[in-house]
Every structure is written in structure tokens, then in C-alpha cells.
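The letters A, B and C name the chains in turn, as written, and every chain counts its residues from 1.
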Amino acid sequence: MMLLSEQVLNGLQYGMTLFLMAAGLTLVFGVMGLINLAHGSLYMLGAFACAWVAGATGSFALGLIASLSAAAAAGALVEVVVIRRLYARDHLEQVLATFALILVFSEGARWVFGSFPLYLTLPSALSGAVMLPGGLQYPLFRLAIIGVGVAVAVGLWLLISRTRLGIRIRAGEADREMVAALGVDIARLYTAVFALGAALAGLAGALVGTIQSVQVGMGEPVLILAFVVIVIGGIGSIKGAFVAALLVGLTDALGKALLPSLFARVMEVSAANGIGTALGSMLIYILMAGVLIWRPQGLYGARA
Amino acid sequence: MGRDAALNTAVFAALVAVAFGAHVYGAPYVVTLATKAAILALAGVGLNLALGYGGMVSFGHAVFFGIGGYVTGIFASHAAAGTPVTTFPFTIAGSAEMLGIWPMAMVVTALAAVVIGALSLRTTGVYFIMVTLAFAQMVYYFAISWRAYGGEDGLSFYVRNSFPGLNTFAPLQFFAISAVLLAMAMAFSALVTRSRFGLALQAARANRQRVMASGIRPFALQLTAFVLSAAIVGLAGALYADLNRFVSPAMLSWHMSGEIMVFVILGGVGRLAGPVAGAGVFILLEQLLGGVSEYWQALLGLLLLAIVLYAPGGILGLLARGMRRV
Amino acid sequence: MSDVILDIRGLEKSFGALKATDGVTLDLRRGEIHALIGPNGAGKSTLIKQITGEIRQDAGTVSFEGQAIDALDPAARARLGLARSFQVSSIVPEFTALENTMLAVLGAGGGVFRFLRPALADRGLTDPARFHLEQAGLALRERVPASALSHGERRRLEIAMALAMRPRAFLLDEPMAGMGAEGAKDLTVILSDLRGEAPILLVEHDMDAVFALADRISVLVYGRIIATGSVEEIRANPEVRRTYLGEDA
């Protein structure tokens, strides 16, 4: 039971980081119709910025600020220089151009930071474990990540439903030309949306980099999982991204934790471990396949 | 011969000339590079069928490349160890014969493509890109955790598989095998795209609604093209495994999918010899830029960006335009 | 009753609170041109899409030659001989006029899964395609890419493609749209001949063409058929004059 609740929390924490990634991707797709493979590079950039600034200044808070601003600035720059030329292009060209950006970002990071992983140390205020009701010891930082995820979800919801920017974003989804006709500077709106998505990816990178290590190539596996989240949640839907991210996070954590012991009941332990682990790592993709069969447009997607 | 046909023949001839020239001048390393280019081009020709002609932007074709490679590695390693590949439901022995391994690699790949394709084709557009990428990642993780065949470390087999009447270890002879298969795949591709099936497939890419209104289901067309495409890529994977005498999850990675796509685009989407030019130029850049800087992929990225933004037809698109002007 | 080719009964379709199709009953009989007119937003396109199967209705049935086709997808309905043209020219732009028409022949005749023989050397495709191009007055333009055809020629190509599908009924969605007066006149003659091939359900804004061609007219307003009748009956119908013709005049 203790194991189960711990894995549920792990799943929630993992799901929240996926949500931070998926929210930016789905926003950029919903508003601009762009598929951005280089979103994982912005995640990596956020992690490196946090690790470097936190290492140099000793302040994790400054590191977090650095990750947000570096990723947002890089996002805005990339949008102005490259991405905005791609909005009118087809998806194939978007995929290639953003694949090219991954190569540039990854090799650039390798050139600046080298191939060895960097490690982030937790600030003392957030390290250690807390005793949860029921007697479960759980790392405080992972709880903080869950908190950040919830805060971002609420913030995005408020932004989109309550603010002028949100109205413009929703109108932009509905009809680009109408927004342009209303006199909204669409180019600036797009840059702002892209930078916002980038900042969320950078934040996710900094948070995950604190749990794992910071290294070149860390972004793409997360990017692909964020795609799985979007496919399940429905493209363009922040709510879908949130629900699907938690679903994917929980499926992954529980599957990896429980499947080996489940198989061990019917076969010998080493074989059960092998099969359980292999299947556990495939479980979220099987979930995705199930959603594709049942609802190809995703849980909250509009019918394509 | 039309201009396009002349261009296609010239590109293929250039690859063959490089290999034979290198052999004559005693540079077996260059022959091996040309072989690598031919094999990667074969994968590109396969992907082009789905991507260029069928309009299916698959970002997961490495999965077929890798499956072809793993089938080869698994059969070869069992042949070396003298153990059967499986005893259930019937006994399948290992094999070190290319002629036995290739059909197996293509069939297994095609079966995987039926499943992945049928699921992925329930979606279109940007969803399709993400879904193919995700399924490839699934198989990648599966290979990593499959310890029986090397897991993360991959699987080495020390003897290149054999081909009747040839010494596959002689670089030029292995090149010849790869080049002939490449030529056959190009010829097959040329026929298919001009056939009834090709007509309907290309129509489905350009105007799905019209194809349905004509009484043809795009799904069946696209799935067939996807499976054919995958089988060719699986064959390329089998050759690639034999070239290196090694397979690893890297053959299944998203990065590999991206590279196969780059061969197609660099050369020119929907052009028969596009992948040949693309793979050739890719290998050339790897050798030239790789000598200048170990971060050559950043330069490749910039070049790729320039091509996408300013020369959407790829290298052959530029050449064809140049020829028209002459 | 065997004269009724296409029989639409009690069709309903809502998008959220909007009732796009509200109990439409309509039929198409052998040898006739039945025009469907109505102001913009009346739900004409939605109705056509329910007939072709692109949209599933909420209630009601569509029967084609006495057989309910509600469960069939668009490709299956097309193979039964329900040939449609699109509001916005929907051709394959990089194909030539001939190849576009061959595609329609291929859909009607089957045999899509043949991989090796060049389609352009396949007289089973090219002969019927050329025949129908000629019928639509495009014989001299067969090698021209569809993207290079004039607007009027593209509408004709649509007709050729509809003909190539061995149609049992045509659904023509604004074939005159965007045509000059000359082109519209030419096309009126072609459409009038088409009636001999198969009956036409014609959605059209060009009232001159509708009054010249139609045997019967139905008027669709806010998802409802407010009147069905001959040209004279429709011209004389006070409700139609008020809600529709009135605005146009």
C-alpha cells in the first residue's frame, strides 16, 4: 500500500513535468499550427542554464529564473529568425527545420558544456523528505514539482480564459485573418506564445535536471513522451494535455513498479523482471494505441 | 530519356563510379563509404515511397530499419552458435545466408508496418508524425530492455553473412550487392509510382476528399504504401547490419528516423534518385565536416535549415532547375 | 416508385445548438434536374455532405436506388454511382486533366491494387477518360496540368470526372460558381445533356441557370425545405418570394 501511494506520487510528479512540456507544444500547435521538434532543446537549455547559474551563484532560485529567461529568450529568438518562416509551410518542412534546430542546439550545448553530465544540487529548503499523512516519507522537492505543475495549469487556465492575451490566443486559433483584421499584431502575439511555451519547457528542464542529470540529448525522450501526451489529450487542448500528462505519468510509474511483481506471480522472478520491465516501458505507448483505436482525435480533441 | 530520368541515372552512376574508382586506386575505405551511402539511400528510397509519393510524414521509419537489422543479427548469431532462433510454434534455425535472411527481414518488417501503419493511419497530419515517432520509441525501449540480444549494448556477429558465388568480405563485392538492390528498389519505385496504384496513391496525398469521392479508400492505399515502404527500409536495415556486423538500439532511435528523412529531403522529396543524392551528400559532409570539427552535426543542421528555408526542392530540385535554364 | 433514384427522408443534423438540417425530405427522380437553392448558411453544404456520407446525420435515412446507404462510407457510396462535384474545384492540381479523369475511371472500375504496369499505357483507363474529357469539351486539354487550367475548364474537368464514375446520380455543388456569363452559358448546355446520363441534384446560386435547367426546385432556409415544385410554382410561391427571392431581386 505504501509502495502504491509512493508510486502514485511519482507518477503525478512525472506527469506534471510532462504537462509543462506538452502545454507549450500544444499551445504552439493550437495557435500557430506548428509542430516543433526543437521543444526538447529548449527543455535542455533550461536545464543547462539552471545548472550553470545555480553552480556559479550557489542560488537555486537564480538558477530557476535563469532557466525561464534563457529558454524564453532563446524561444523568442528562434521564433523570429527561423520559426515564423515555417507557419505557412507544410508539416514536413516544419519537422525538418526543427530537426535541424535540434542538431544545432545539441552540438552547440556539447561545444559549450562538454559531453559530461552536470548535476544540480537541491536547495536546502527543498531537500529532504516530508512525512505525509499515513506515515509515508516522500521527497519534498518532488512534491514541489507537483505544486509547480498545478500552479502552471491554473495560471494557464486563467491566462487563456480571463486575459486579453488569452482572448487573442483563442481568437487566433479560430481565425488568424480575423485577428489580424482586428488590428492585433499577430507577429508579436506569435512570438509571445512561442516564448511562453519555451519558458515552460525550460522550467520543466530545470526541475527534472535537479532530480536527474543535465546532459545533451536529455530533451528528446521527454519530447516524444510529450507527443504521446498530446496525442492522448487531443491537440491544441491545454485541459487535454493536463489530463493526459497525469494519465501517462501514472501509467508509467505504476506499470514499471507493479508489472514485474505481477508477472512474478505466474513465472520465475528473473524472467518476470525481464518481461515486466520491457512491458512496463511500453505501457504508455500501448495506452496511446488504445486511445487511437477508441478516439483517434484524442480525449479532448476536436474532430479532425 | 527525359531530363528527370537522365538526372536519376547520372546520380546513380556517380555513386557506382566513386566505388569502382576507389577500388582501382586502392582505397577500400572509400568503397565501404560508398556502400554505406548505397544502403542508406536504399532506406531513403523506401521512406520516399511513403513520404514523397504517399504524403505520409513518418518520423518512425528507423523502427523498420532497426527491425531489419535485428532480424539479421539474430539469425546470424544463432547460426554462429548453432542454436535455433525459436522452437515455438515450429523450429526456425539460424541462418548466415543473405538470400535467406533478406526475405525474413522484409516479412517481419512488413508485419510490424501493418500494425504500426494501421494504428497511425487512423490519424493524419501532425498527429501522424507524433504517433509514428512514438511507436518507434516504444520499439527502441523494448530493444534496450531485451537482454537476450544485447539490450543497450547491441548485438555483434563477427562474420558477415554470405551470398552464393561472392565474397561478401571484399568491399567492392559487398558494394555491388548493395548497389544492385538499390537499383532494383529504384526501378520498383519508378514502376509503382506510375502504376494504377501509384496514380491513386499520389492523388490521395494531394486531395484525400477527391479520392474518396471517386470511390477509393485512401486508408487501404496508404497502408499498402506504408508496408511496401517499410519492407524496403527493412531490407536496408539488414544490409546495414551486415555492413557493420553489429546491430544496436541506435538503429531504432528517433535520430536515425530523422537522418533517413534528411536523406530524402536533402536530395529532393518525391524524386527517384533524391535519396541517393541525399545519402551521398550526407556521407560526404560527415567525412569533410567531421574532419574540420567534431561538432559537424551543428553545421549539418545549419545546412539543412538553409535547404528547407531557401531550396525546398533539395539538391536535385536545384540541379533540375539549373538544367532547365541551360 | 422505381422512378425515385435518391430518397432522403426526415434528415436531421445539429452542431451544438444549431440545427443545420431540420427534417429534410427530398427526392431525386430519373431523368430530372432537381435544383436545391437557398440563402447562404441555409445548410446546403451540410445536406450534400450527409448524402455523400462525409457527415453522419443525427436522424433520418438516405436511400439510393431503393437501398438504405446510411451505413456506407463516402467511398462505398461513390462506387454505387453517387457522383459528386465540389463547391470549390476539387481536383488533383499536379495531375493532368487526363490523369484526373483516369482517377475517376479507376474508382468506378476498380483494380486499384495493380503495381507494375504504367497507368498511362493502360487503355482500360485512358480510353474511358479521353471519352469523358471529350464529353465535357476538354479533349484538347488532356495533357495540361489541372493547376494550369482556367477556372471554367476546371469546372468542366469536374464534370468529366463525375461522368467517368459511371454515375447513377449526380450531386453537383455550385458548378457555376465563379464562372463568367459565357462560361455559365456553355456549362448550362453541358448540364442539360448530363440529365440524359443520370439525374442531377444541383446546388446552385446562379438563378438564370437554375430557372433554365431545373425540372423541380426545392428551397432550403435555415435547414428546412420551405417549398418544392416546378419553376413556375417556386417563382409564384409567396413564402419563397418573401424569404429568398425577395432579397436577391
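We adopt the following convention: a contact is a pair of C-beta atoms (placed from the backbone, for glycine too) under 8 Å apart; a residue touches a chain by one contact, two chains touch by 3 or more.
Given the structure is predicted, the values throughout are model-derived calculations rather than measurements.
Relative to chain A, the chain whose mean Cα position lies farthest away is C. Relative to the centroid of every protein C-alpha atom shown, the closest chain centre, again from C-alpha atoms, is found for B. As a whole-number value, the distance joining the C-alpha centres of chain A and chain C reads 48 Å.
Averaged C-alpha coordinates put the centre of chain B at 43 Å from the centre of chain C.
For the pair chain A and chain B, the distance between C-alpha centroids works out to 31 Å. For chain A, no residue reaches two or more other chains under the stated contact definition.
Only residues 29, 35, 82, 85, 89, 91-93, 95-97, 99-104, 106-108, 110-111, 220-221, 224, 227-228, 230-231, 235, 274, 277-278, 281-282, 285-286, 288-289, 292-293, 296, 304 of chain A touch chain B when the two sit together in their complex. By the touch rule above, chain B contacts chain A in their complex via residues 51, 57, 59, 119-120, 122-127, 129-131, 133-135, 137-138, 141-142, 144-147, 254-255, 258, 261-262, 265, 269, 295-298, 300-302, 304-305, 308-309, 312. Of all residues in chain C, those touching chain B in their complex are 52, 54, 73-76, 78-79, 83-84, 86, 90-95, 99, 102-104, 106-108, 111-120, 122, 125, 161, 165. Those residues of chain B whose C-beta lies close enough to touch chain C in the complex are 191-192, 194-200, 202-203, 206-207, 209-217, 220-221, 224.
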